[in-house]
Amino acid sequence: MFPGATDEREVTDATDDAIRGSHTDTGGQESDRDGANFVVVGAPLDATTTFHPGTRFGPQRIRSFAAPFDDYDHRSDRHFSDLGVVDRGDVRAWDDVAEYLEYLTSTLREVVWNDGIPLLLGGEHTVSLAGVRAVEPEVFVCLDAHLDCYDVYDGNPLSHAAVTRRIVEDVDSIEEAILLGVRTGSEAEWERAAADDVTVVPPEDVAEWSHDGQFADRDVYLSVDIDAVDPGYAPGTGTMEPFGLEPRDIRDVVHAVAPHADGFDVVEVNDRDDGQAAALAAKLVREFVFSHVDG
Amino acid sequence: MFPGATDEREVTDATDDAIRGSHTDTGGQESDRDGANFVVVGAPLDATTTFHPGTRFGPQRIRSFAAPFDDYDHRSDRHFSDLGVVDRGDVRAWDDVAEYLEYLTSTLREVVWNDGIPLLLGGEHTVSLAGVRAVEPEVFVCLDAHLDCYDVYDGNPLSHAAVTRRIVEDVDSIEEAILLGVRTGSEAEWERAAADDVTVVPPEDVAEWSHDGQFADRDVYLSVDIDAVDPGYAPGTGTMEPFGLEPRDIRDVVHAVAPHADGFDVVEVNDRDDGQAAALAAKLVREFVFSHVDG
Amino acid sequence: MFPGATDEREVTDATDDAIRGSHTDTGGQESDRDGANFVVVGAPLDATTTFHPGTRFGPQRIRSFAAPFDDYDHRSDRHFSDLGVVDRGDVRAWDDVAEYLEYLTSTLREVVWNDGIPLLLGGEHTVSLAGVRAVEPEVFVCLDAHLDCYDVYDGNPLSHAAVTRRIVEDVDSIEEAILLGVRTGSEAEWERAAADDVTVVPPEDVAEWSHDGQFADRDVYLSVDIDAVDPGYAPGTGTMEPFGLEPRDIRDVVHAVAPHADGFDVVEVNDRDDGQAAALAAKLVREFVFSHVDG
Amino acid sequence: MFPGATDEREVTDATDDAIRGSHTDTGGQESDRDGANFVVVGAPLDATTTFHPGTRFGPQRIRSFAAPFDDYDHRSDRHFSDLGVVDRGDVRAWDDVAEYLEYLTSTLREVVWNDGIPLLLGGEHTVSLAGVRAVEPEVFVCLDAHLDCYDVYDGNPLSHAAVTRRIVEDVDSIEEAILLGVRTGSEAEWERAAADDVTVVPPEDVAEWSHDGQFADRDVYLSVDIDAVDPGYAPGTGTMEPFGLEPRDIRDVVHAVAPHADGFDVVEVNDRDDGQAAALAAKLVREFVFSHVDG
Amino acid sequence: MFPGATDEREVTDATDDAIRGSHTDTGGQESDRDGANFVVVGAPLDATTTFHPGTRFGPQRIRSFAAPFDDYDHRSDRHFSDLGVVDRGDVRAWDDVAEYLEYLTSTLREVVWNDGIPLLLGGEHTVSLAGVRAVEPEVFVCLDAHLDCYDVYDGNPLSHAAVTRRIVEDVDSIEEAILLGVRTGSEAEWERAAADDVTVVPPEDVAEWSHDGQFADRDVYLSVDIDAVDPGYAPGTGTMEPFGLEPRDIRDVVHAVAPHADGFDVVEVNDRDDGQAAALAAKLVREFVFSHVDG
Amino acid sequence: MFPGATDEREVTDATDDAIRGSHTDTGGQESDRDGANFVVVGAPLDATTTFHPGTRFGPQRIRSFAAPFDDYDHRSDRHFSDLGVVDRGDVRAWDDVAEYLEYLTSTLREVVWNDGIPLLLGGEHTVSLAGVRAVEPEVFVCLDAHLDCYDVYDGNPLSHAAVTRRIVEDVDSIEEAILLGVRTGSEAEWERAAADDVTVVPPEDVAEWSHDGQFADRDVYLSVDIDAVDPGYAPGTGTMEPFGLEPRDIRDVVHAVAPHADGFDVVEVNDRDDGQAAALAAKLVREFVFSHVDG
């Protein structure tokens, strides 16, 4: 459970054969989330991860490395445990990504319908598609080293490397994507990113970036691919890309965007470092919550 | 949660200041454990660990490495998830070991009073004292590389290295201890172990050992210090002691003793290997349950 | 390249967009493998791996940990590098498992048509299906901790947990499967394994097992899932299952079966240990080759 | 031994029973430390460590990772081995923290009485209390991510999380504490830190901070909790707290404060990274010595 | 093979006895490198490495961690795979360093004679001597934490710690060395470095450094010892030296120098981190190539 | 220091330039070792290590992992600390192996001349040559996976892979070598090993092996290459060779040979596992001492 959150994990327990022979709908029961503002959901998808796998352990790592953080936040003068965060546990992943994303979307949509703000813990970046489908924002703000604008990657339109393209092109509500910290992509991706509905802010310019009121009347979804930061600060991710952001750059973006955002995720954390990636991810979840409440 | 067990973790959530400024009694609410036979309780105590610390991550590791096991057990022709195992989560440890053990004892005693069999996941070996106090058996059967018969170790009578002595001498119900796989101790410990109330079975003789009906009318508590096995099979423990048991030796002892045992623990697992210690520990928990049911 | 093997890796090089935007057929050119008896092919599939992923690094690890082995083998009085082993490198995996297995099958079939014996380095166990399809044996001999007899696992008929079932039921040439070292499976799997076309030899009986001339006139394919061995000897695998075989048990099976086998694989090695799994796997590849030549 | 220091470890050797059955005073003999200015003492206390334990290996790691450093320092034009640094080895820790701190204090007091400057290698932050008691400074300057101003933490007034409070309130000589790089604490800690005797300099302001002659007539003790730096630079510590200092910020503070300081420690280094934390800690010990000599 | 490069590894294969009993010349055959501009050569020398060994795995790690990089580079608008990079594999190291360097030099000289630019992957820094001998530049530009200006280190004039001295003094073509990011050395090394033929730019000044046309008519060789960067960004190196460069500082130097350089190496990467050092090194190889082509 | 041993490390301290610019004789002073029977000497040579380097950390690891062992040994009813073991620390290695071996030999010879029994902690196997030269035994008993009978390996007659050959052929006192647990070697090595002065006992026969009084009147030196054991029990070694000994096999050989041996070493331990290799090595040192005393 995310430290400071209320535990709302499902208390059903399926037998082995149920789990393995098929993937039954494990949801359905009502939780009394009245007044809950933020709902942590783990999405340990690890199906299309490139290079270093292990995002299936992301949610568990993030929750674990959140343990030593103080409940109290000095900047906002608030206690995390006062802010109505609940943790619904993980939506266990299976091999059919399309089907999984649909199931995850419905879980998150229920959160949204109850006026909750999803805090999605990846898992590979693909899970953001479920987050965005559930929240239906106008703007997708994303911190990432990569454009993730492939149309198909390795024959797969639901690859983590295609997630931003899917979001921009297939989610009706979306008007534009703002990609911060991006430093690499294929030629075709860069061409796609040159279109009007995508703005790319290179790492060097992120510290100066501000949204200048452009979010005024629009709903925003904020996604943090942990590889946006320099690999020195988060080696536990699938594809390290040097020359990235400083942790404080990301924090400042989270502070700026959170007040406008109705959904948040942090993705691409794996278990292949000494905890740096997970500790940073866990901290950013909290920064989002504190900043949203204060916004 | 232990895979296949029903989740009965407490759903309260204390604020940071409550957690850290003092350690309030977090128990009290009634769980409907009717018909539950086995109750998993994590006891992440890591206060007196010698050499390599990390037993605080033992319960979490053991649950995690149980994930890939099949629910079904071929030997007993049973499903683990049918056997009424519930997982009450961890009893968070704090610095005052005596006080913690008391609190843990009361938690486990409640299990016993509800006719449950505690399955305690350590944490350092000291936690067995709570298990034995709760179960009040006549016989303490223990797999361990060490005698754990110090009177005081490093000035501490509640050290993991003194746990067997505490159990034998301070728990009224105990008539004798049977120590299997032991290969080391101080001279004073060996002298203590030479008394009538302690039987030591060296590693070489464990495969041949049998209890020969001596448990007939007596209650037994079974404790597995994972360092009983050879370090090649469980490097993730505080103090590796070479020339230990084979995993199958331990399994066979668990099979033989479980039908007579009203309490079980597996202790001294830490997070400093590639999962070998935790996988073995998790398996032994299941072997205990299957064998007890079948006994 | 596998040490002692001749390098026959493809020397073409596709550009990034070709690699990522689609997966073109990279084969086609003829290699002069006349007289080559054994062909190493890496199959780094890591799509359905349960629990600990990383089989994508299996082939690379196995080749790397083969480096310190002597070319000369005392038992057979032969040099590995004299035995006509070539290494064709890896068949890079992509997300569509069915399609990948077809492509891999055709690569291995070409090996077989040239009278070569495939030595397949996994990758998850699923790749054995390609090996068996290419070799078309009558008997599938498999060392594994698991039955791998699911019909569908997690909705996926091509899961590693279903590979033995696929092989027994869907490959026409197969008459029976002999599963050595198996100690776990679901109830449905055990039921399936009770049928006449499957023989299960539990770990305790493997040392005594012999094929007693039953392979006399039949073609055999030998598959080693590295998790057949006890986790103490190979922690670097997806799902550790305690109480496994000794390395020498596996070696002796390889010695006994290799003379009758026209195909071999070693699978489920990942990069999450200190090299134990890969070193053992690499050694078994060599034992297979020496024993086949001598058979 | 710290590279470049003179070895003054005690050459007595206690038997096992003496070591374990009780903790005898192992001091007493006189060493000829005349003219020695700096005395390294390891204090491997690991009793109240939060989250990731392992500070017991801190002193050993710090000494080990100091090995590759050049004896000569270009900035100060001095050789480390010329500066009269001796290493008295470790004061082995035991379970009674209060008693241990007293013993450690007396060891360090002896250093001070011989006009030496203690260079304490932790161990958890609690050991700074012994350092400050021995040195009896007016000012406690501390680099830390945390306020460490709990009155009691987990029921323990001698927790590492209470060390600054203990120092400010219970050491008579202390007039004020200056806490640099602090970014977190409980609400009660922040309230305590708002009092006149505590100054908090947040990470963003540390580069600009200077002591402006306020140390003119006062004795200073400098303590470096390695978690003051960003976790990217020192993951090997108990509780990673993102958004920390740059290594150069800490170095510059050490340069500025060392000339005024009569005692120094570096604490909270453990063995759970690839050496980053220990290498930085070892370097800071040297920076302190060079700067003090030059001051 | 370096991703995006054409594979030109030697396809001969020596037997064990040939390999181990002596080290025969394995070269000789002609490769058709017409039009190839860049030639990757691995030089896994690990003979004089100080402190943490493992540079023998450097080339393999660098190639491996280059895998996730996009072929396309946005800054230069070029594809890496279009730039005529070939990978000749590794020149296997043996115990006689002098002899090995000669052999390596002749391999690299052949590259130069065919108008290729060597991209040498270390291996310890000593291998740069072979690179410089082959290229015969006037200027040696080197990013390093260390002066590497020992005359003899540990009795060895071919130590990695003496490589810059060897290059400056023993390679006839060399007029001067420019050492960027250096922060440590022995007193004798600093004295040597004070001579006219060596320029030292400390870490703090590297961001401001520019070559101001001083390379106009001169051939340059660029060497990157990965320990030039701060250890937080590259812990996987032999001797971590804190207070180093930012990755972007190094990148900018590579951009500035590459257009003037006829040879490049990146050295001192080992396998003792989570990939940070290798990922950065791999990236720098690509930055060099893109910048040279654009220069 | 080896736990339970008396510290006799040299207390001199050389400056950096002395250490690095040349390697001066650091010996010479007399230690009062009267009555000392056993002298621990670390020999962290790591010059010719094949595959996985790191034997330079062997002595430090072995001493460290000996920490948790009880001083008292039940089998012999003795305390380790009563047996006159002293630890002289490490003889720091440098690049010239021949010169280093000479220096090490003279250090060990001094031990022998004072009627001490050297307990050498490697370092690579090459250091056994110094041990044997100093002890001048008639019989060399060696537990190893490898023959180590190369005449030259990689052009080097002082390679670890040639150490047994050097000992048998170049040390005058030696009459024969008995190699236990050996399972691999080159063809030339096996031919050499077939001569009368070498006996090879394969792993399968070691449990049955006994020396049958053949050591009656002869001096013996016992060397344990940790790779003799199966890699599952000691992955932290340079070259893992599967199908090795059980730890108890090695222990029993040590028990049998120690009473006849005047010198002992344990070699080829590195720092690349979770402590398994070092813990076993440390234990074997103690078994040797207890058994020698009791012999």
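Chains: A, B, C, D, E and F, in written order; residue numbering restarts at 1 for each.
In the analysis below, a residue touches a chain if its C-beta (ideal position, glycine included) is under 8 Å from a C-beta of that chain, and two chains touch if they have at least 3 such contacts.
Keep in mind it's a predicted model, so treat the numbers as computed, not measured.
Shared contacts of subunit C and subunit D, meaning chains that touch the two of them, come down to A, B, E, F. In terms of their C-alpha centroids, the spacing between subunit A and subunit D amounts to 39 Å.
Subunit B and subunit E have CA centres that are 54 Å apart. Taking the mean of the C-alpha atoms as each chain's centre, subunit E and subunit F sit 38 Å apart. In subunit F, the residues that touch at least two other chains are 16-17, 70-72, 79, 186-187, 230, 232-233, 273-274.
Because contacts link the chains in a way that matches no line, ring, star or complete pattern, their graph is best described as other. Counting only pairs that meet the touch rule, the chains in contact are A-B, A-C, A-D, A-E, B-C, B-D, B-F, C-E, C-F, D-E, D-F, E-F. Only residues 65, 67-72, 74, 79, 230, 232-234, 247-248, 251, 273-276, 279-280, 283 of subunit B touch subunit C when the two sit together in their complex.
Those residues of subunit B that touch subunit F in the shared complex are 50-52, 183-187, 190, 230-233, 235-236, 238-243, 272-274.
Residues 16-17, 20-23, 46-49, 53-54, 56, 94-96, 99, 150-156, 159, 161, 186-188 of subunit B touch subunit D in their complex.
Against subunit A, in their complex, subunit B makes its touches with residues 1, 4-9, 11, 13-17, 19, 60, 64, 70-72, 79-82.
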